[in-house]
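So, here come the structures, one by one.
Each of the next two complexes has chain A plus one other chain: chain B in the first, chain C in the second.
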Partner chain A sequence: MGANIYKNKKPLFLFLLPAFIFMIVFLYFPFFKNIVDSCMEIKQLGISGEVLNEPWYSNYAKLFTDENVRTSLKNTLIMTIVTIFGQVGIALLLALMVDNIKRGAKVFRTMFFFPIVVSATALGLLFNLIFLYDTGMINQLLSMFGKQELTDWKSEKWALFTMMLPVMWQYVGFYFVIIVTGLNNISEELYEAAAIDGATKLRRIWYITLPLLHNVLCTCVVLAVTGALKVFDLPWTMFPKGMPLKSTFLTGTYMYYQTMIVKDVDYGCALAVMIVVLGVVLSRLVNTIFKEKDY
Partner chain B sequence: MKKRKFSVSISAIYLCLCFWALTTVYPIIWVVLNSFKAKDKILENSFAFPMGELFTLANYRKAFENLNIFGAYKNSIFISTMVCAVVILLAGLASFALVRYHFKLRNILYMLVVAGMMFPAFATVIPVYTMEVSWGIAGTKSWWLSMFSVILPQVAGNLSFAIIVLTGYIRSLPIELEEAAFMEGCGPIQIFFRVIVPLTKPSFATVAIFSFLWSYNDLFTQMFFLRRPDIMAITRLLNELTSNEGTDYGLMAAAVSLVVVPVMIVYIFMQKYIIKGMTAGAVKG
Partner chain C sequence: MKMKRVAATILSGAMAVSLAACGGGDKAGEGAKSAAADANTESAGEGIAEQAQGGVELEVVTTFAGNDGNAQNYKTFYQQWEEKTGNKIEDMSATADDTFKVRVVTDFETGSEPDVLFFFNGSDANSFIEAGKVVSIEDIRAEFPDYASNLDDGRIPVSLVDNKAYAVPVNGIWEAMFVNTEILDAAGVTMPGADYTWDQFTEDCQKIKDAGYTPIAAALGDIPHYWWEFSIFNYNTPENHLTIPESADDEMGKGWVAGMEDIKALYEAGYFPENTLSAKDDETFAMFTEGKAAFLLDGSWKVNGISDSCQSDPEDPSTLDADKLAKFDVTYVPAKDGRKATDLIGGLTSGYYITKKAWDDPEKKAAAVDFISYMTSDEVVPEFAQHGSSALKNVPEVDENVFNELQMKSLKMVAGSTSFTGPVQDLFQGESRVPTFDGMPEIVSGSVDAKDAVQEGLDIYWSSN
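Up next is the complex of A and B:
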């Protein structure tokens, strides 16, 4: 019976065509065009390239010699590690804590999640004020606690820290909500059985909660890694053009910098290809390390 | 004895949780309070409450005079509403067809959708821009065309997520209702609008919230397509502000408050749906 309604396949095109035309024209075609473009000579953004670069792989050769590429790769890898351990780690701790309390869990969830809905650009401006040298919130707090000299949070020494802390902070609530959902799916009976057998709280977490959360944590880590590669708004607002001394470039911000500021468009395409390759390699790597398990 | 130890650890837990909650909420309160102070007073003592002599509206006056805040809001809301509406319509139609119709290409098309999630905006933006320039949409003087130049790629960027969430939901709907509608003489299009859409409302809400917020907050695409002041959306305007007026801290605080407070109010009223919307795709895998 059910199949009868949908036997006539004519309306199918009407349903499917608009969405897939959009995806093909604005995702698939540009994606492959971008790879071609990375080997072309493009004089200006908005004009498509007509001749191949000489030699065609010159942009890719440049990737290996460009010092900023090395910086941005290094920073992006640090960012990945920060998002894995900082975001997912803190989120896991907070979720385990919330699992123990009876009241207020909802309120905490609402507050923890809030930074995610605020645009990262606004947060960038906000953190510019917070980390201001003369004298933002942090430096005022430190001097209240008796610290004499001011810390320049945007100097070369602190720049990476100042850039990554807000990025990490913003998304903790996201992973927190995912992990709490996972925790709620673990049946209460397991804990009761373990408690009867005399297992302490910590042992229960170690032997029951964490193994059962394995797949949820795996999802979180994959999302954290792919998220780390997409970071753009906050770093570009707080440290435009890789300031100071081009030391804070991430792969994404460097791609934008090359395309829009240096106006080396085809090199920007090559950098975008590099970001894709990096994303595929990293998520493969994470998937093999944290293999999904069935229990 | 045992009971007392228990309450100590619970208080420690509450203390930790409250500390984190403080870090997520206080910065926003801090910036809103400071937006009511003269710019040099922020630097002297940013923790003081803006009362009496400290209180001033000068920052807001300046923000409205110097920045086209309302214009940027109008642009942002127009872009995000359009993205949201088009994504819901197209993704709804496609999901319905992908779930209910059996045809050869179905699995391949679904794989195309899933793979569409993997493309970062970085990897498509330059060819999309070139394409839109050749069509005469991007980089023109017209307000309408400029708006559409951002809307089109943003719609494409949200479709995959929307189709994945919606197919998951439509698959769980009982087919009997559609059969009943069919017996009454409804065609597939009527079935979609009269049966499927009303039943899928919660999932549509999820998708709508996600795509609206995503589009509203997406700076990267806006940086490419909206480069003139009169067509700037709100995040783009903020970004411009850092480079032009980076030292007027009062103005910055006021601008941040003007952008964050409306979002905060919407969030307080719709937090349940928003949290669900933002995490739905992740939990589904």
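Up next is the complex of A and C:
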């Protein structure tokens, strides 16, 4: 017996088994079933498909001709760019500023992180009120400053801005906390040495902070890109059914719309497969571009 | 003549149940419920009741949950039935949204359906009726002749699958046009009546617009349903409204296209709110109740919604501002070439089903029949029906004093109607709706031709039916 007990790895598999079964049942099986369903004819939600579509790949062919798919891909791409520059970029600026103040850093950390703990649906409802046409906060403020006409912040002209601003605002705090943690890991001695050599604050950021934050920023960008592909609840709460004129669909909201509203379940499955493929390709691409470095 | 008889029967039922429904104060309501329970002990078939005694547990799924106005009524009455029979209800009710519908269909698919189900009787029920998983009223009566005998069979809706009745209805709905009379007065427009025409309506809309108000409260990008239904109904009659055209070019199809064009004309004239394509329904409803929009096309459930908006505490009817409520009225939707203005959309759209699973269980069969007999008895139905209609044969005596002003106006409007026709959109479900429902903004803004949209929807419908 003795030390042999540590060499026997079999009990480990026993402990891994429940999680493994859970993943198989609730993730991998539904995923592969979803691929099969995307080729089947499903008449109603809750009913399984019995016959193949004619032809079986018709839903995938439809992806290339559906105008709303193009809109949702375009909007998702814009959302990805907004998350990279709007969320990670602003978080970086805020973190650098907070890192340079002596007092109150903790207060800012808590304040910026707070939106993350509020549910996205609640935030959607909140921003609905802020951007409301008739009695919304922004239009009331504008009228106080003398603006005569009301602005429809949910019209085609403003819809993407109105949708993406709250999403951006919600997640800035998340990346802010990650970047602040990264900043704390940079040795103070490096800054002191640079200061003695006469480096300005901007030069210290450019030559010390940013290179040493590279890996943290890479992680943030990968998280932001994959997160942008999954955004659903807040946009759907504010702009259900792609309102107005189907101009605000994202890949996730369009998949939900096709499945739950239109009840074209098999096409919804094909859209889900498209989202997974897009997610894998984009995350590989981002990983390749923002490859982590060893220092 | 026949139409008049049908309408008279429906209206008498609607009036009676509506008048019986709304209790003024809590005491009055409780008294009515208690009396109903006592009377019902005798009213449910004695034979059924005897068989149903004992500790049977029934799984029941209904839509009387969440914000449904009858959620508390349902709880009260099933608990009274439990006390009376010694049986137990395992209540699994939920709000009637898309998730609920999916849950019900999936439960039938996987063999985990309840014993008794209160559900829609339109195309939503097709899958489990086709699968033979619920029992028809005719089959139940073969063994329990008194089952639903207090209801008029002519008013119990039949299934789209086999033309048989499965669901025992409780309360119905109607759709009409609510009016903010304060705006009408300000614009110099008289209150529309039973002979209201489309031309008069558009003239009134222009006057209201000129007076600086929004004529119609509607969110066409969110809920175009009521305008869709009535605009099409304007070119049909109650007899043919439920016929789906085969093409946008046939006689019925041309009516559908013309209906869409009428909505487009209203949009182009600027009679809808400026943000009608981007607003949600609750926003435009608020415009109506806050005195910014004059007309609102909606259903009988909005009587309570408007009343609630006139209360300082929406939960407490005693806080009602009667003067504010007096500014609201309800009238008929303006008519065009087909129906009369007094022809309404409405009907009994849900009912109690007994599943085959419960029917085949000797213990549960009688209990399920007794439970539904109790919940659809002459005494219980009026508590649920409120401003809607019901299928009751016997019209109960009612006290008009328990109603607020808008409820009384609603009853008067319903009393003046000439027919109730079911919504054709209940037959025109799923993907076939997309081009003209979700596509309404594209139609009214001119980016999609109304005829093309109608044809696309019909093509989808006929390819799957």
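Quick notes
FYI, the second predicted complex is superposed on the first by the 281 of 295 C-alpha atoms of A that agree within 3 Å, B and C clash if a C-alpha of one lies under 4 Å from a C-alpha of the other, contacts with A are read in each partner's own complex, and residues count from 1 in each chain.
One rule holds for everything that comes next: a contact is a pair of C-beta atoms (placed from the backbone, for glycine too) under 8 Å apart; a residue touches a chain by one contact, two chains touch by 3 or more.
Just so it is clear, the structure is predicted and the values come from calculations on it, not from any experiment.
When the two complexes are overlaid on their common chain A, residue A:M260 makes contact with chain B and with chain C alike.
When the two complexes are superposed, the chain touching more residues of chain A, out of chain B and chain C, is B. In the superposed pair of complexes, A:T200 makes contact with neither chain B nor chain C. Of the two partner chains placed by the overlay, chain B and chain C both lie in contact with A:L132.
Applying the stated contact rule after C-alpha superposition, one finds that A:L45 touches each of chain B and chain C. Contact with both chain B and chain C is seen for A:P240 once the two complexes are overlaid on the shared chain.
Of the two partner chains, chain C is the only one touched by A:K154; chain B is not. Using the contact criterion defined above for the overlaid structures, shared-chain residue A:V117 touches chain B, although it does not reach chain C. Of the two partner chains placed by the overlay, only chain B lies in contact with A:F20; chain C stays clear of it.
Using the contact criterion defined above for the overlaid structures, shared-chain residue A:S187 touches neither chain B nor chain C, since it reaches no partner.
Overlap of the chain B and chain C contact sets on chain A: residues 45-48, 128, 132, 134-135, 240, 260.
Residues 1-6, 8-9, 11-12, 14-16, 18-20, 22-23, 25-31, 33-34, 37, 45-48, 90, 93-94, 97-98, 100-101, 104, 107-122, 124-130, 132, 134-137, 140, 169, 172-174, 177-178, 181, 219-220, 223, 229-230, 232-233, 236-237, 240, 252, 255-256, 259-260, 265, 268-269, 271-273, 275-276, 279-280 of chain A are the ones touching chain B in the complex. Of all residues in chain B, only 10, 13-14, 16-17, 20-21, 23-25, 27-28, 30-31, 34, 42-43, 45-47, 90-91, 93-94, 96-98, 100-103, 109, 112-113, 116, 118-131, 133-134, 138-139, 152-153, 155-157, 159-160, 163, 175, 178-179, 182, 187-189, 191-192, 213, 216-217, 219-220, 223-224, 234-236, 238-239, 241-243, 246, 249, 252-253, 255-256, 259-260, 263-264, 267-268, 271, 274-275, 278-279, 282-283, 285 touch chain A in the complex they form. Remark: chain A residues 43-48, 128, 132-135, 150, 152, 154-156, 159, 240-241, 243-246, 260-264 touch chain C in the complex. Chain C makes touch with chain A in their complex at residues 98, 101-106, 109, 127, 221-222, 273-275, 277-280, 283, 286-287, 292, 429-431, 434, 438, 441-442, 445, 447, 464.
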